[in-house]
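Please see the structure below; I have some questions.
Labels run A, B and C following the written order; every chain starts at residue 1.
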Amino acid sequence: MAGSAPVLTDRSPLSLADQVFHKLESLLNLAGGIVILLLVFLATANILGRWLFSLPVNGYVDWVEQAMAFLAFLGISYTQREGGHIRMDILVTHLHGRLLWVIELLSTLIMLAITLVLIYGSSLHFLRAYSIGDSSLDINLPTWPAKLVVPVSLTILALRLLLQCWGYVRAIREGGDRPVGVPLVADAASLAKSEAEAIMGDSDSTNVVEQP
Amino acid sequence: MTLLTTMAQMDSVTIGLWVTGFMMALVIIGVRVAFAAAGAGFLGLLWIFSARMGFNKGLLVAMKMAGTIPHSKVSTLALSLIPTFILIGFLAYHAGLTRALFKAAKRWVGWLPGGMGVATVFSAAGFAAVSGASVATSAVFARIAVPEMLKLGYDKRFAAGVVAASGTLASLIPPSAILVIYAIIVEQDVGALLMAGFLPGAVSAVIYGGLVIILARTRKDFGPPVKGYSWKERFKCLPGALPIFFVVGIIVVCIYGGVGTPTEAGSLGAFVILCMALYKGMRLKELTGALMETAKLTVMIFTIIWGVLLYVRFLGFADLPAAFSAWITGLDQSPMVTLIFILCGYAILGMFMDAIGMLLLTLPVVYPAVIALNGGEAVTAAESAFGISGVGCSIWFGIIVVKMAELCLITPPIGLNCFVVAGVRPECSVQDVFRGATPFFVADVLTIATLIALPDIVLWLPKLMGFT
Amino acid sequence: TVWNVSLWGKRRAFTENVEKLADLVDKKTNGDFKLKISYGGLSKAKENLDGISIGAFEMAQFCSFYHKDKNPTITVTELPFTKEVSLAKIADIYKKVYANPIVVKNMAQWNATLLMPTPLPQYNIISKTKPLKSLADFKGMRVRGPGGIMGVLGKLGAVKTGVPFSEVRQSMDSGVIDAAAFAPHAHLATKTYKVGKWATTNLNLGTANCPVVVNTDALNALSKQNRDALLGSVDEAISYYVDNYDNNTTGKYEKAITKQGLTKVTFTPEQTAELNKLAESVRADWIKKYAKKFDSQALFDFTEKLYAQ
């Protein structure tokens, strides 16, 4: 399920790294949001320009297609930090303590492995476009910037996953139910509640998960 | 024989089953669905390429191939509708459209038995015309409609159930993110699918409304009517709700008046609602918050799209969809029975999965099978199994399967809309909401049966516009 | 030997050269060499060259205008030459261009060898405005068309307007665009003729170049017998394709526009001469644009001569 899972903080190096990195991720995610807003403006300009002055935005389709990679990838690490990528938590919500953190470490390592494979492959995809050449259909925009954003975003995701591995390893060593620096497994209902709050964008309701 | 040589000699269906099983295992232990699918897809590619060209070269080719997919799959014009549709929902809330709509519906239909429930259904249907996501719609109405119903002495479960179910209307009535996703996977015209969703969405709303009235009449304590609004009061609250119809009007005029294409119309709607929200005093902080949430939801959806399409790419190399549709069409029973079995499969899968993930994972295999069942892509209505032409069938099946996926949002144990309602309303437990939503499950089954029996409800508008 | 072949869409006139090739090769090698054709299962159309370069599949089809900078050399054939040429002649021209060393070098960057053309007739316009009386009527017309054609029509005041392929018919119906330029099969696919009022018959300002390409290593690794079977079947596959396209697709298209009662607009020799004059600078721009990347002048002269013959 989607939604956000809470991440606890304290003054340990792990948590500080998590918080600093989170700032960077938030900026990138906001940049993705701004790209979405710009797309809305671009489409509006295209419609109005064509309708009123017979002056469509030249290469509108090409610009949109190039923008897609930015809005699809810039926030990928932020979403992982917030626990926002869909998962099935029917099993993990029934686990507790060390066993839970071992399973979480395992799934994070699997994610890291596939992310590394994709970084390698998508870098080469970018390199081909950059060194041999590639361009968009209508107005010949170069495609390499959009192709570059994929390995770059995935690299940031890989760093985030490393941080989370560190967090889970620490959680396994120390035991307990409330480790810092990793998305906690909230039960489905509180996840949904936090998602609902995000949708409303207001904060007048009670806390999602009580903080210690 | 070593394990590797055994693996290299397996036929592609066996490989496909192993890889799919591996993916399910990853999903169950809690690996994020996008990465479970991508990981399984990569391993599948590795398997197939290694069998063809040896492990070392196979590994290299598989990594390069996998690396082309994330960029390639998201760089599609039609997918740009998804962030736009999500943004519209957030902005409409900030523009105060939702509250105004609910207020108007209350004054106009509140006098019916269970009137507030009916008002919820119809204002949610109205909100669906600007919102592209079911979960968002349920969340918004849980905040607005449930407290009002409880104040009037409505049954708690009933109130929560109405809201959870009404939210699902957002995915049929355009704009709808999930219909866009369907159109992309099956390579159908996005505009045709969005138009096709309109009437079934309206039919669903009417069936929901009827159900609410029947429930309120048979059980006394369910929902007393709200009487006593004068006609003057009724008309007075209309202007507040008008902007929704204004936006819908703009989108319709935009498409049919020759101002813009369907893909552009969504953006124009978002722009108008943004202006309204700013006019209503939305601050920069709220806008930033809306953008952050839109971006996050967008990334979540796109990641699962490319992740699953990596798995689908493996299926393509393994030629699995063709094998599955050959098996389905070879079954010794009537196509309609097979179709109903497929839908039952969705109902079971949907108990555990979310709508988008489920469609993305299954459609690449199921869709070609259904089309083949009907007689192929180019079949005419007269020669087909379901009495619908090839293009018509892909639109019709799309609406049915999306309705199916929506139904799964209110079935236990994983029912996202119910979770959201329970999350917003601390006084309702998740069990309460699921109990309250049960009658709507029955209504949904009824709706799906209606759509199967009368495909013209789906196809009438697209036909009118020259699709099919 | 089994080769994976990456096409897109569904089986149609446009893919009959590959289908025929697969047939011939299978027969000639008694099933020893098979081409396994996949429609969209292996790659997105725009990434087919990447897939060939990676070695994920051995054969693919692509169109040069999808990504001009991947294949700048073969875009020479898409220039407006304003010459009346038959489909068979276009196939012949493409084949000779594919063998030109400048082109071979360009494709070698992708580890690719151009095997066979998929010739398309010259594009023509279908429009829903009042039937065209003079070239001046192009002024202000919103047209969806490729770069070369729009380069010429733009000089007459037409406005290049991009809409997605799948939204062409509806865009024309509602007036977002006034006209679209396509080869016959694409007019049939988008059903522009159902909305349009007139159609040009001899625009001759260019067409698409969509080659069938193979991975060079895979080609070299074939046994002599299989290789001969493959290369020896190309001509027969092309002539089968041309025959099918001319008789079925173009024929069907012409029937469709006649049945719908579209006015046929045929340019006079004087108008064609005027169009050719406007096209001159489009061709000159092309030479200038690529002069630094390869000997564009030589390749242009080579191609122009083929069109003139």
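The rule is simple: a contact is a pair of C-beta atoms (placed from the backbone, for glycine too) under 8 Å apart; a residue touches a chain by one contact, two chains touch by 3 or more.
On a predicted model such as this, the values are computed, not experimentally measured, just so you know.
*Asks:* Name the chain pair with more contacting C-beta pairs, choosing from A-C and A-B.
*Replies:* A-B is joined by more C-beta pairs in contact.
*Asks:* Hey, which chain is the most central one here, using CA centres?
*Replies:* When every chain is reduced to its C-alpha mean, the one closest to the whole-protein mean is B.
*Asks:* Provide the C-alpha centroid distance between chain A and chain C, rounded to the nearest whole angstrom.
*Replies:* Chain centroid spacing, chain A to chain C, equals 40 Å.
*Asks:* Give, as an integer number of Å, the spacing between the C-alpha centres of chain B and chain A.
*Replies:* The computed centroid separation for chain A versus chain B comes out at 22 Å.
*Asks:* Considering chain C alone, which of its residues make contact with at least two other chains?
*Replies:* Chain C, residues with two or more chain partners: 46, 50, 163-164, 176.
*Asks:* Multi-chain contacts in chain B: which residues touch at least two other chains?
*Replies:* Within chain B, residues 64-65, 68, 77, 259-260, 263 contact more than one other chain.
*Asks:* Mark out which residues of chain A touch at least two other chains, giving numbers and ranges.
*Replies:* 50, 61, 125
*Asks:* Sort out for me which residues of chain A touch chain B in the complex.
*Replies:* 1-2, 4, 26, 29-30, 32-34, 36-37, 39-44, 46-47, 50-51, 61, 64-69, 71-76, 78-80, 82, 84-92, 103-104, 106-107, 110-111, 113-115, 117-125, 146-147, 150, 154, 188-201, 205-206
*Asks:* Which residues of chain C touch chain B in the complex?
*Replies:* Those residues of chain C that touch chain B are 4, 10, 38, 40-44, 46-47, 50-51, 54-56, 163-164, 166-167, 169-171, 173-176, 191, 194.
*Asks:* Residue numbers of chain C touching chain A in their complex, please.
*Replies:* Within the complex, chain C contacts chain A at residues 46, 50, 53, 65-70, 72, 109-110, 140, 142, 147, 159-164, 176.
*Asks:* If we count contacts the way the header does, which residues on chain A are in touch with chain C in the complex?
*Replies:* 50, 54-56, 58-62, 125, 128, 132-138, 140, 142-143
*Asks:* Can you list the residues on chain B that touch chain C in the complex?
*Replies:* Its residues touching chain C are 49, 53, 57, 61, 64-65, 68, 72-73, 77-78, 187, 189-191, 255-263, 313, 315-317, 319, 321, 377, 465-466.
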